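First the structure, then my questions, so here it is.
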Amino acid sequence: MGMILRVLLASLICATAQAQSGFITVASTTSTEQSGLFKHLLPPFEKKTGFQVRVVALGTGQALDMGKRGDADVVFVHAKALEEKFVSEGYGVKRFEVMYNDFVLVGPKSDPAKVGGTKDIVAALQKIQAAQAPFASRGDKSGTHFAELQLWKAAGIDIEKSKGPWYRDTGSGMGPTLNTASGMNAYALTDRGTWLSFKNRGELVISVEGDQRLFNQYGVILVNPAKHPHVKKEPGLAFIDWIVSAEGQAAIAGYKIGGEQLFFPNATR
Amino acid sequence: MLDALLSGLRLVATLDLRLWEIVGLSLAVSLSAVALASILGLPLGAAIAVGRFPGRQAVVVVLNALMGLPPVVVGLFIYLLLSRAGPLGQLGLLFTPQAMVIAQTVLVLPIIAALSRQSVEDAWREYEEQLRSLGVEGLRGALTVLWDIRFSLLTAVLAGLGRASAEVGAVMIVGGNIDGVTRVMTTTIALETSKGDLPLALGLGIVLIAIVLALNAAAHLVKDAAQRRYG
Amino acid sequence: MSAILPLRLEDVTFAAGGRIIIERVSLALEAGPSTILLGANGAGKSVLMRLMHGLLAPTSGRVAWSGEGARRRQAMVFQRPVMLRRSALANVIYALEVAGIEGAERERLAREALAEVGLTDVAQRPARVLSGGEQQRLALARAWALHPEVLFLDEPTANLDPGATREIETVIKAFDAAGTKIVMSTHSLGQARRLGDEVIFLHQGRLAERTPIERFFPQPASPEAAAFVKGELPWA
């Protein structure tokens, strides 16, 4: 009983202590969080500025919605068209490009649609649809889902019409979708970061990579204080400034999994 | 499966401070919620048990039905209340442990109240005539009985604790699963599962179950000792 | 403070679940004589007592006490004592608390009551671990502490052995000696004779007979009561 009380007290004190120092709430995506980037990126920023960064990881759609409601100070997502709309509608101040990573198409080793080794993602998707090979989609209005839909469009396929039992809409994050793909031996579109740290691969391997169209751009935006006066403007701007600065960009480039770099900084000055 | 279990336990054994921080927060949130829900729900259930008012049957039915409130729905509702765009946004409670306590209290309150109502109603049959003969009126009788059956109410409280410590939907939405701030056992398990790190998730799950088991065992011992003493 | 007796029942009827349980009973209970309610099982003794004590409301007719505050100046002991999960002393103190007695007075009166029934030794014991006889004596102590004008008893010794029964009867006599009006139902004719001054005999919910005890036992006036007594005492 005494042990429990001590643990409870410690947690309560930790919680209140953290509440005292300044913090910002950043709405980001599950794929970014799950890649482990924040664990690497935030400590140098927090050490330098003394501001704590609290990341709430959701799908891109939900993250932008959080920004619209004013529940976050900064949004950091990867869906350019949606981000530009966010700013033009007055919810965000200005969009800054930060980094890019790429998507890869993963699929079963057995490769029923015979797309392995190609660099042409559009051709690969056409083959998958023709073969009606199992495909797991996120279906959750995330940046990744958005990118997937754009690629079907580019392949000339109206996925709403063509989807059959082979196309599985999981309505969930990247991890659960990969779990499903692994369990069903299905193809799936995933960002490289999540894939590299994903441990439940089963028989899945990378089938298609390197296509220019698999390029995934991240942007960071301060939530508009004109719309939400309580937004922490100073710390929020400090975060944005740092992440596009040489130091922040170097930190991004320095994040590697198994020796492989995940994100490529490309902020313009 | 056994491999996953073993490697999970091994991983958990080496996680030290981070894990205990998460365990501590989980307990702090769930125990606070259960305490609040008990303070509110036990007397509420007793009052409904003893009271005679129009619509009482409907109240009982609704209260019982609310035991089945889906955690994710409660989470969504509290989120909309506490969001900056919502009515209580000024309080700035979203994505804090306090918000998680609020959500879990709402979730657990009907369980404790409904079970309290049932227990007090059953006991009231035994006590009613004698208490009324002594001149005990209304709410006072309810509270006397409530206190008298306090040890059997432990079951209601433990049911509430079980619900609170097991749920993930509510705390995920209102807490945001923020690393080091609002990350609890269930949301960590969900996160590790979605990252595909199943052994770790399983290991954490076992720790969670073990803790809840320990709490239940302790409560059972207390109840046993008290029943032997007071008859 | 004027006396609450006599208690008048005017044409009282009680029906429940479509059945008439008490039918048009009219009587007046005076201070003084100990009243015994007799009757076969189902005759309505328990219901009539609860109507008198106010635990049930009559379907028609009136139950009228004479003075003010009758609610607080009566007490009832049930066939099975109902005790709280506290010490014997705490149970008596609870009753005094409800009656509005202040702080230190409560403990003093409670101890006095326990002494009166001979339970001083078990004052701190949890009431629920006491024997049946001790719990019933505790119920009487609880009533004693309130110094009621009327004490209702619903078959108080039905579940007790002869020794415990004797102890209960001793306490009831003490109540009587202190001026409390006794209204008691019982199945034991011997007990009726030992404790009662008058008999009210109920038959199928109706008042069949009301007779002083010294006339009832040699020969009841009503045929129903006569049959009842014969059934209980085959040799009578």
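Order as written gives the chain letters A, B and C; numbering starts at 1 within each chain.
Operating definition for what follows: a contact is a pair of C-beta atoms (placed from the backbone, for glycine too) under 8 Å apart; a residue touches a chain by one contact, two chains touch by 3 or more.
All figures in this text were calculated on a predicted structure; none of them were measured in a lab.
Student: Counting only C-alpha atoms to place each centre, which chain is farthest from chain B?
Tutor: Between chain B and every other chain, the largest centroid distance is to C.
Student: Suppose every chain is reduced to the average of its Cα atoms; which one is closest to the average of all protein Cα atoms?
Tutor: B
Student: Between chain B and chain C, what's the gap in Å when you average each chain's C-alpha atoms?
Tutor: Those two chain centres are 46 Å apart.
Student: Find the geometric centre of each of chain A and chain B from their Cα atoms only, then give the gap between the two centres in Å, rounded to an integer.
Tutor: Distance between chain centres: 34 Å.
Student: Can you compute the centre-to-centre distance for chain A and chain C, using the mean CA position of each chain? Integer Å is fine.
Tutor: 79
Student: Where does chain B touch two or more other chains at once, residue-wise?
Tutor: As it turns out, chain B has no residue touching two or more other chains.
Student: Enumerate the contact residues on chain C facing chain B in the complex.
Tutor: 50, 53, 55, 71-72, 75-76, 78, 82, 84-86, 94-95, 98-99, 126-129, 142
Student: Which bits of chain B are touching chain A when the two form their complex?
Tutor: Residues 20-21, 23-25, 27-28, 31, 83-86, 89, 92, 94-97, 176-181, 191, 193-198, 218 of chain B touch chain A in their complex.
Student: Would you mind writing out the residues of chain A in touch with chain B in their complex?
Tutor: Against chain B, the touching part of chain A is residues 1, 4, 7-8, 10-12, 14-15, 18-19, 25, 30, 34, 38-39, 54-57, 68-71, 172-176, 178-179, 182, 194, 197-201, 228, 230.
Student: Which positions of chain B touch chain C when the two form their complex?
Tutor: 126-127, 129-136, 140, 144, 148-149, 229-231
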